[in-house]
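Per-chain residue numbering starts at 1, and chain names A, B, C and D are given in the order in which the chains are listed.
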């Protein structure tokens, strides 16, 4: 259990095929030059990328469109909840930042008060086989967020790519069965522990961020932002959704669909009032949600440093830089003791 | 929560023969929206409507779907039924299962299935219908009559006598129209001028009538009760206020080559002229195409001799917009140009003339002073052939329709001819003689039996000019089955009645319908012969179809009574099915304003923003703006996106 | 039972001319296929192409829009605006792969009951010939 | 570049502008981004070259709300975009100082941008000051549109459905488009749900049809929608198909004339019925 096991790269296909006999095995595929997760099939070319892929893991546990109930428009309007899927599955190739994201989602969806049963079943049926990073990509900044690229925390099984083989290690009981595979050979040596560079951008504390609520800086930080929703869709910890009914020929589904606080429609209320009409107010919401609100609610900031938001941003705006700029402003403000400005009228 | 009452009509067997009405009710009564469902033999009958009222009372339904005939037929009936029970009349919807289902579908199963689908769809729709309140708008109690012929004059006089203001609009320099050109009228042979002129004068002197001659409609905006009509007065170059109508200008004008329209082009007149002696108003007009002063800056005689100094050479067209509450269209007809009939000479024979030209030739105010001489050489024609149905009942050359008046005026012409040339012989080439009016048949018999006019049944094949100046008319006598020809001194063609040249332009300005021939279409051929499909616009006279004088006068009076009935109220009830802008959703691009036909969309300040606003009084509810608004900030009550969407997606 | 083989047609008709024309087809007893569903709008100018798009996505096999003949619009100019919008919408739909035979845009007057019935029959006929091909744009998610 | 900086300095000095919207090269990263320049600030970082892809017009409405006079650096395509905005009363021309710059074409991902192939003008049709050359250009031919048009309907649908299926509905295309400015986008409306919010083929198809239709006759082909699409959906193809269509049908080239109304709100009695397809008697 506590030992590292070796898998020859040439055995990877056989190893996965064997797992696929019992599990639904989700692995990364490259489609049209882009990575995405799909169910393992031996005839498809797959690989494990060194760092995060641009599509968020979120979709595997909390899909962008998720039917929660079905109904027919008959005399009774009979509505049936959608049955949870309990087929066991393995999701393989998650990076530590993704796992951190899942841990955050657990806090949102599995807290005792409001449990999301469909999310719970997705979690229950899944064995997380995470991949330890061997390098940090351009946009990676998990070290800024207190994570380590090769930390196996939260994974059921951890693995790392080394030369022409992989090293696997079971972390939990759930990972045990995978570790029993005939293709894994126990070895003594662990993958080399790297010393990771310190975070590029030091950020302020959640409380300090909260103090920035009324600051003028949000206009500067939002000046070229399009306020599209792609960063929130890519983010592993953005969990907003809306519930809507979709009908077709008298049959209907009630579905949850990802929503995004960056879109203007998100905060528009009945009657037309919009609490976050300006881009600045929406950028503020997302920034503070990542760095402050999440901490107030769940005791953990929700940016995991995966860098996807930068990767997918149409304008390649850097969220970590934004956080840093903000922290810088906080420091400046503290120094000058200024910044008790009135609440901006525009917001 | 909407609770829909569904009422399916048998319409006797009209629906029930194809659609299994019971099955429709049984299938739909369990729909979650439905609170009550019932079938009945005739929903539009009193007991049928009572069913609805009872269900509103006893079953507390708050929406109604009636599956029956077309909503165009009975929607108002059921709206009233709802209103009588205190339910908003706009909360009813009709499923058209007769015109659009039982009457057009062969197979009963298919028809039943379609009916179920149509009714279900309407149930889904009616849930989205909102209660609407009628809009009351003030009304301008002035009418405009377009066209100063006998129909228009009659309409104007009746409205004026009803103590309402009327504008009588005429595009030529005088009112009077076609009737003023006629010599005597059938079937009484009383002098046209003698009976018309008093009416013209009465109109001119009536305090409630404002006559505007030389004027045409250029634009029509607004809607019933509140039309805005833009009128253009042509340049006449004579100040009507100063002119005393002495006519000296007309005498002295050296340019005497203008074809005389009043005399149907038989002679020429001066470039400045009063159209005819009894004209109302008797003010001359300069024809700028001929006037040498206007064309070449020479002459100017009229200005020099005018005792009233009324000549204004720098006159220009003037536009003015008038507000009126109702419009009567009485633009009349024109006589067809027989040029297309090349076999009749195609106008190249001077003595082959039209009915109207004959009318002028025998008129004492005509070019010959009432002596009947043929145009080419002034010889008194001893033999005249009258050819009927020239352009009428002849689809291949001109029109399929019957011009209606030619049989009678031809009979009149033969009589006038005999009165002028007692030793002459008249022939009439005819297809059928149609004389359905009061004492009309007797009139025709008189021409044949007393005046000795010879009626030859058959269509004239050809007219050829002979060396001796006579015209050989080749025709046939189908009653004896023989080709015949007549050598005539003169031939009179009973040319067809046609809509005015610009009839379609005017119809499009007014937004009224017209038929394939260009005659204006009444709202219903039998029950609404005066109304058009556009509220507040009425028809009178030959613009709606060929008509004789008595019928034109009747229509003039009928149209006037419609206008007076309309003006009896102080406010107009307007349909609340109009568009409104949600200012919170409007971006102020104002592209909607460009597509609004009624200029009903204006700009308005809304907080810091500029938004579009629709003037309820002007909006007619067409929805063109709704389809233009990308952000869906405009809603059309009664045809909202919600309602149409539901109709599109609710079909199974 | 819906006869699935028969193509479904949505006909969006203006209230003054084409809807009245459809009524006249009924009054004159000109039969036409039963799978035509008529939606009444006040004017063809009210027709937002979003309705046409939605109809295809909702699985209609063909969409027909008809208004008053040019110049005869009850509201003066609505049909001219409709003509431009529909021309563009048609080009777009064809561009993404909707077969041109699935769209029929025309003018039918209140007097043309016969024309309405004929148009419906001919249109249905054309669509029957297309029915072998994939139902373009029709939604798949809930079709099962 | 020198001429441009000089001109802008002059404008600031004369008080003709409060801010200038232009492109800035980040000295640290070397990346070129849209930027708002204030008097005496960062002007030395201002650039104009083939890296200046972004259409800046999209930012104007926010800026004119905050400043009374805004200068803007415009490529030919951006200028067309501005023209379409002016005619829709989106921006008050009096608040704008338009700096047209002769554009030599831009590069996306190291390659010449696709849009430049079909560019009809190197200079903005709306300018207060022109810097650089105005080059006569040919009318666009849209060869890629023609390729699609050659396909059968089924092939075309297969082509587009694959892309539509991928759409995530992030609305980056909408957000970057200067012409997509509705207060409430029809895609965000719940009643009625013309476009369902979920990312699935039918709803995505609705979205892409509506997006393209709403831009018909208004899109000036700045190509930003396609550039920012994380799923690389070929939105320019649809835009261009309709640009081609409005040119063929109505003789209109959007944005080339700042006075010209969008063709879909222009009343024309003369259009032939054949533009609606099929036969008309």
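Assorted remarks:
Methods note: a contact is a pair of C-beta atoms (placed from the backbone, for glycine too) under 8 Å apart; a residue touches a chain by one contact, two chains touch by 3 or more.
In this text, all values refer to a predicted model and were calculated from it rather than measured experimentally.
Among the remaining chains, those touching subunit A and also subunit C are B, D.
Distance from each chain's C-alpha mean to the overall C-alpha mean is smallest for C.
Judged by contacting C-beta pairs, the busier of the interfaces A-D and C-D is C-D.
Put simply, the chain farthest from subunit C by mean CA position is A.
Inter-chain spacing, taken between the CA centroids of subunit B and subunit C, is 31 Å.
Chain centres here are Cα averages; for subunit A and subunit B they lie 72 Å apart. In subunit A, 246-247, 249 are the positions where the chain touches two or more neighbouring chains simultaneously. Residue numbers of subunit C whose C-beta contacts span two or more other chains: 54, 58, 71, 77, 81, 85, 139, 141.
Residue positions 184-186, 193-194, 200, 264-267 of subunit D each touch two or more of the other chains. On subunit B, the positions that touch subunit A within their shared complex are 30-32, 582, 584-585, 649, 652. Put simply, subunit D touches subunit A in their complex at residues 31, 33-36, 54, 58-59, 62, 168-176, 184-185, 188, 190, 193, 196-200, 227-230, 232. Note for the complex: subunit A touches subunit D at residues 32, 54, 64-65, 223-224, 226-230, 233-234, 242, 244, 246, 255, 257-260, 263-265, 268, 279, 312, 314-316. On the subunit B side of its complex with subunit D, the touching residues are 584-592, 594-595, 610, 628, 630-633, 641-642, 645-646. Within the complex formed with subunit B, the subunit A residues making contact are 73-77, 247, 249-250, 271-272.
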